[in-house]
Amino acid sequence: MTLAVLPLGLIGLAAVVAMLLAPRGPAAAPRLAAAAGLVAAALVVLVRLPAPPAPIPPLLADDGLARFGTLVACLSALAVLGFGTARREGPALIAIVALGAAALAGAVHVTSLLLGLEIASLALVGLVVLPLTPKSLEAGYKYLLPGAAGSAALLMGAGLAYAGTGRLDLAAFHGSGSMAALATALLLAGLAFKLSLVPFHLWAPDLYEGAPPATAALAGSAAKAAVVIAILRLDAIVPAQPLWHQGLALLAIASVLLGNLAALRQPSLVRVIGYSSVAHSGYIAAMLSCGIGAAPAALLFYIAAYLPALIAALLVAASLGEAATITSLRGLAWRSPLAGATLALALASLAGLPVAAGFLAKIFLVGTLVGAEAWPLLAAVVIASGLGLFVYFRYFIVLFARDGCVVLHSPPPARAVMAVCTAALLVFGLYPGPLFGWLVLATR
Amino acid sequence: MSLIALILLPLLGGVAALFAARLGNNAERWLSVGVLGIGLVVLVAACLGGSPDPRWLAFSRTPWAPSLGVQLLFAVDGLSAAMLALSLGLGMVAVFTSWQTNENSGLFHAALLWTVAASNGVFMSFDLLVLAFFWELMVVPSFLLIALWGHGAREASAMKFLIFNAVAGLGLLGAVFWLGASAPIVTFDAFELAKLARPAGVQTWLLAGFALAFVVKLSVPPFHAWLPDAHTDAPTAGSILLAGLLLKTGAYGLFRFPAMLFPEGYLALAPVGLVLGSVGALYGAVMACGQTDAKRLVAYTSVAHMSIVLMGVSGGVHFALMGAAVEMVGHAFSASLLFFLIGAVYDRVGTRDLRDLGGLQRTAPRFAAVFALGFSAVLAMPGTANFLGEALVITGMFQVNWIYAAIVLTALVVSVVYATRLLKEVVFGEPGPKPVTQDLGSRELSIAVVLGSATLLFGLLPQLLMTPFTPAVDAVLASLEAVRR
Amino acid sequence: MIPALTVYHLLLLVPAPALAAFMVLGLAPVFLHRRLVMLIALAGGTAPLLAMTGMMGLCLTGQCRGVAPIFTLQVGTAIVDLALLLDPLSMITGMTVTLIGACVLIYSIDYMAGAKTADLRRFFALMNLFLAAMLAMVLAGDSIVYFLGWEMMGLCSFFLIAYNVFSDPAVAAGRKAFIMSRIADALLLGGLLLLFIAAGSVRIDALIAAGLALPEGQRTVIALLLLGGALGKSAQLPFHTWLPSAMAGPTPVSALLHSATMVAAGAYLMARFAPLLAASPDVMLVMAVGGALTAAFGSMTAIFQSDVKRLLAFSSISQIGFMLLALGVGAPAAAMAHFVTHALFKSLLFLAAGDIAHSAGDDTSIAAMKGAASRRPLAFAAFTIGAASLSGLPLVTAGWWSKEEVLDAVLGSGGAGRALWVLALLTAVMTAIYAFRPVLIALKPGPVDAHPHTPGLATRIPLVLLGFGSLTGGLLVGPVIRLLGGVHPEMPAYSVVVAALAPLTGLAISWQLSRSPQLADWLAARRLLRQGLQIDVLYQAWFVQPFQRLVDRLSGVHGTTPDPFGAAPVTMMLWLKRQLIDRFRSDGFDSGWMALAGTATPLWAVARRSQSGRARDAVMALAGGTAGLLLLGWMTA
Amino acid sequence: MTALFWLAAALFGIGLFGMMARRSLLFQLLSMEVMLAGPALAFVAAGAARGDAQGQGMFVLILVLAAAEVGIGLSLYLRLSRIADVSDVDTISDLKG
Amino acid sequence: MTSAALWPGAIALLAALMVVTRDSIVHALMYLVAMLLALAAVFFALGAGFAGALQILIYAGAIVAVFVFVVMTVDSTPEALAREKARLRRGWRGPALLVALLLLPLFGGVGIAVGNADPVPVKAIGALLFGPWAIAVELASFLLLAALLTARHLARWEEKP
């Protein structure tokens, strides 16, 4: 039983050590400590891959989904550390977010679900306000307040479910009575807020713009992946409620359309990425509403394809220093080829065009929708991907413009993360075999 | 094994061209030509090398992602070999035509080679997921070609091109994945999927998904809106690739996959194809008569010719299919020749507006002679491959329904109106305000002669095209026959 | 695949020299000296004549029916085997074409002396290409080579009419000729392909056999299609309007293409497929009546012409009408005989008219021919012989013998034959009137030669040769008809006498016309008749303008393509935008993307406004969402 | 017993109303407390009805959550009061569009 | 037993309403304390002694105490109060409608049939928290750690980020 909790322990230890080193030691010390802990946790998960599941009875499961979630949390936290912009308490908070995400990924009980969500959210608030600039404070406030409302709603739902069934594991939301339906509705509202599905999405663009790009990357990757895994677990238990699939479908259609529409003419790159995270949550919700729960490997592949693209794009935005707008990005590909190529590939992947992994992700998306014959959803996705193409390729062209005097300064770890993300996108896109194979194995 | 080289070579060549640009003195140009040349040699070697399955000239199957049921399944028969040769050959022509453009020529040649690589992929692959991959891959480099080296409202046209084709591609993606996923064991091998029987209604839906992607790429009205803009604003090399290659992938797709995978669906949707094609043939021809920009005029002629190919493909009889295949090759050469020549005029005069051109007969006799060759090709003059294709399609249409044949004949007549107008505006008459001073150079002349003689060669010696195409046509007819009874 | 060589493969040698001359002159990128150009052209023009005489010798010594296969190809179930064919019909037509071709090319060496070397090369290249194409069509044993030659002639006629690229009327005439002949080609192609489907092979004899085996209805359709092709190419009613305007081309072109050879291709087509046509009597009737009417219309309009070349053009239309009349009544031999003699005297007339026009400063109007008799005695004499042969002065001229054969055939055909015979006689009279008008005007005293230079040997030889041919051609008519297997009908005496009187009365009327000035003015006044009942204006109104209006509406008058069909999806979205979105006043957006994002931008403005940035709105949105989900859950519980 | 759950729902509703209606940041934080009281009551009531310790266990966790949120909320309030007019939160909205 | 809880419940509801509608923050804070104590009474009535004690000690004691420190910084001048009242007057209808919409299904759907059981001994809660839920408590500690770090970072005085 203890081996399953080892990764969580290691990350926790890393967080504490990073916290202790923060005020006194040299600036890089907390980062290294946090990185060491995360690497150790990732290694433990990898080593235990073949091992049989050793769940911690009521609270945490140790199946393929949990391991995938923990791995994704550790890797994205490492990547965010690679940004190199986290100061003083930054690395500790990053480790705590990773811990929250890992816990959430393994959660099969209301308590661990709630705690995982809240640890990730509150630590994120901390990371958002890290630079203490007015913009970041405003973003933090706009994330904290609705966040509190969302988690209260989730708690209310859990309370009703507990009242109705007397159980606190995820099966509590099962059942066909009105109590279970209301509980599920409140639960879906809470989770939809964390996934930034429309109409709960208003915090996402402001967070991506106000917060430092590193934090945005963490919010978009580790936190979101863990929430998706939690929803996947719920999806396996809860579908008795028609509300669950219909609700997800409605939220998906709204987020897919509004996500792309609002990003059409955005001058700032980070805000576009914010809206694209709303849109991609919509795509994920669309797949969920089509019963991807039965064969979640495709959805996990979608996450594995989306994450590197998001981190790479934000990394380039971070290394641009002042706001990365469509005018300041001109001619990036000629000035610094690595950053240019990374951003170009990331944009192509978000748009779902070949070479990058986003293409296969889009195939799974459209394929699932066609399979479930969800024609309204398919229509929304087709329109949205048309708009998305326009959004992403408007930036794509600008990268190759000949004029433009963009100056770029990114420390070595950032360049390394860029290279890793690009490599990940290319490998998942061109040679998806082993990854997809492992995912299918993990989720059987 | 060598078939994969046909894709890897241009792909890696493109990457190499990116860096070769720094070496200077046309390093990346010779590199690209070298890569394409080797590609041709490999193709010929593969075709002559024989293959385990008598039906195919060359066949190779290498598992790629077994968990997904994806494998690199490449098969080349007469039709694909012709298309591959076309793709590599026109790639070379495109490289030669843009010998002068020197802005970021590294990325230019890279994009060129990647487009060729992607279309090679489409022409060879019989694994539907890999086909969809290469299908969508074609869009990005050509988007770059138009957006960065085009002229006029290039970004808007490039964006229009991208959105039209990528969104249409979604139809293909959905159908491909669902087709593969619904198979008992998840596989995307076209041959296995062809064996599975499916209800006719489902087949029609799936074929609609496939056909949407192919028809938009084939630019048959009402899906053709992207072609005129893309052609007008593309650089010459881009236009040649767009007309010579990308349109052909749509035609090849319509030729190969509908009959193989969805025979009943094919029979259900064939009338739609015929009607769309006939409307397109007339509409394209009439639109071409009204254009004032030379490239737009030729673009609309492509719309008309491709609509005739669509009619041929949906005809479902031997002559129509053979005619469509021949027309694909013939149109590639004739359209590339005309685009090349108009591009040459544009480089010298700076405008393509028909009202400002003219008087080339006196100032550039060589140009006039070669333009006459292109003129007779777009006119489908007997002796050119275009005529052979269209005559076969008309014969096929007579067997299907004489009204369609009458429509193609009318399109043939209208083709004279716009062809003579193009010739009158460009070659005859007094020289325009900015006369062309210097005639075609030897490099340009050699390219034009190569393209022109190719049209005549396949026109006068049709067996060079017809014999290799016969197995492909017979395969389509066999799968239809099995269902018709 | 290349079949065994037979003696008939020599047939390939007939069009080969002309094709080679075209290759050298037209496509070789090397500079050729002026004299070299003329030499190559001459060689290319005359060599086919020698080769053809060789083949004639072969034909006369008995083996007159031989096929030289070129290559065969398997297309599905059909076999495509291309071949050349030697039979009496192709031999006679081939001989005529090569003879006239040689004469015209010799003549044009002198006539085109004024042109630049580059234009000269282009002219001779196209003339040789035309010769090769016509010979290919004549000698073709299968429908593909036949159609290749047929269309190539149309292409050469377009380029040759538009030879003078700087004059817009010439180019427009070229376009009109090419478009109308292309319509005819389309009809012919339809017919040939239908036969190909029925026959499964492209050999003409196989086509005819399959055609005969077809049911009545289909055979009539195919016959009508072939007739349409013939009418179009031979500029018969209703496709005749392109020939008069084609006179804008140089005179040798008019002499070779638009009088003797190309325009008669329609008659040759009908003769080649005579057995198939004979099997559908109503099509034969249409052809006969059509031919007669065109003949009458042509000769009547020719009377009122003020330009000698347009006069000769209408005369060609009329004479080919005679040929089709003969074919219509089932006498292909008589038609081909008339074709031979017509080729001789019509090309003579054109060449002579060309030389006279040269002497009058290139003015081809009839009034300018005054005093031509004294200026160019040889040309005048040639013109007179030609005119005589055209109107068919009895016994002395070739025209008389062949026209006599035609008239006898018409009379002997019974049924409607008698009425057609009367119409033909009336046409013969009118022919004599317009034929002798220029001759009589040329006899009047006129101005001295504009640029005095005695025509060179190259002009004199063809005139003498063709003049001799026009006179003694009659001797050929008998053997030609026998060779073609035509039967010489026994006719009552009165028909011969009446046929002899018709040209004489025409000559007398013409004499009267030239004498009285007010009659001449009356003639000049008849503008309506001169423009051929303004059928051309009618076509302009019925066909060309509506097509132009359609094109302008579809592609925009100044060419900025609204392309309604293509823009349909975009216009629909724009309409949707106006209906749904415009109520929200959105702030400005840059124009660069307006055209493309026009449909989506206001939607973006709405979406952007929803992002108000106030935290309270975020909580409100959350509350709203939760309430929605709760209601949904409650209802579907 | 159902009355208690109505009460819990009402508390949650009132808390939410407070957050949405009040313009001052402190009032919003107060309403947050009221909002969390709702689920706390629900859990305790449900636990008591069943005689199951888990209800009060969850109450402890809710308490922890409330404490954390108050901690962060108030420190954010102090920081924001330096740079913006904290009494009217609508002025804090320059991130928009 | 549940009927005994109704009275304090009603008081708590009333206090909550007053919290949200007062102009001055101090009054609101006082009503908040009243609400919390009323809830504690409900818990005792329901037999959840441990929860009630915690409520009084930590919630009403510690958390509200922190609030009081912060409230001291607020200037409650008369015109600030007037402004506060004016703002509330203007903007309460929208949120009120939304909350009513939200509560409608909740009231409609909620229905608990089960009766009341004997009070839960504190020992059981301890066994639960340190037995199966041990990991949850650890995670809760990290939650507080995160809050601590953030609060400390936000409350830093010198400008150096």
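When the chains are written out, they are named A, B, C, D and E in that same order, and each has its own residue count from 1.
Operating definition for what follows: a contact is a pair of C-beta atoms (placed from the backbone, for glycine too) under 8 Å apart; a residue touches a chain by one contact, two chains touch by 3 or more.
Just so it is clear, the model here is predicted, and its values are computed rather than measured.
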Fewest hops from chain A to chain C - one hop per pair of touching chains: 1
Groups of chains joined by contact, in the absence of chain B: one piece
Two chains sharing the most contacts, counting C-beta pairs only: D-E
Most remote chain, CA-based centroid, reference being chain A: C
Central chain of the complex, centres being mean CA coordinates: B
Chain of greatest Cα-centre distance to chain E: C
Inter-centroid spacing, chain D versus chain A (mean Cα positions, whole Å): 26
Chain C and chain E: spacing of chain centres that average the CA atoms, whole Å: 100
Chain C and chain D, separation of their C-alpha mean positions in angstrom: 94
Chain centre separation (chain B, chain E; CA means) in Å: 70
Residues of chain E touching at least two other chains: 94-95, 98-99, 102, 105-106, 108-112, 133, 136, 140, 143, 146-147, 150, 154
Contacts with 2+ other chains: residues of chain C: 593, 596, 608, 611, 613, 615, 619-620, 623-624, 626, 630, 633-634, 637
Per-residue overlap in chain D, given as positions that touch at least 2 other chains: 5, 9, 15-16, 19-20, 23, 45-47, 49-50, 52, 54-55, 57, 61, 65, 68-69, 72, 76, 79, 89, 92-97
Chain-chain contacts as defined at top: A-B, A-C, A-D, A-E, B-C, C-D, C-E, D-E
Touch list for chain A against partner chain D, complex: 110-111, 114-115, 118, 122, 125-126, 129, 132, 134-135, 137-142, 144-145, 148-149, 151-153, 155-156, 158-160, 162-163, 166, 168, 205-206, 209-210, 266, 271
Residues of chain D touching chain C in the complex: 16, 19-20, 23, 89-90, 92-97
For the chain E and chain A complex, residues of the former touching the latter: 105-106, 108-112, 132-133, 135-136, 138-140, 142-143, 145-147, 149-150, 152-154, 156, 159, 161
Of all residues in chain D, those that touch chain A in their complex: 5, 8-9, 12, 15-16, 19, 25, 28, 32, 35-36, 38-39, 42-43, 45-47, 49-50, 52, 54-55, 57-58, 61-62, 65, 68-69, 72-73, 76, 79-80, 83-84, 89, 92-97
Parts of chain C lying in touch with chain D, wherever the complex brings them together: 608, 611-616, 619-620, 623
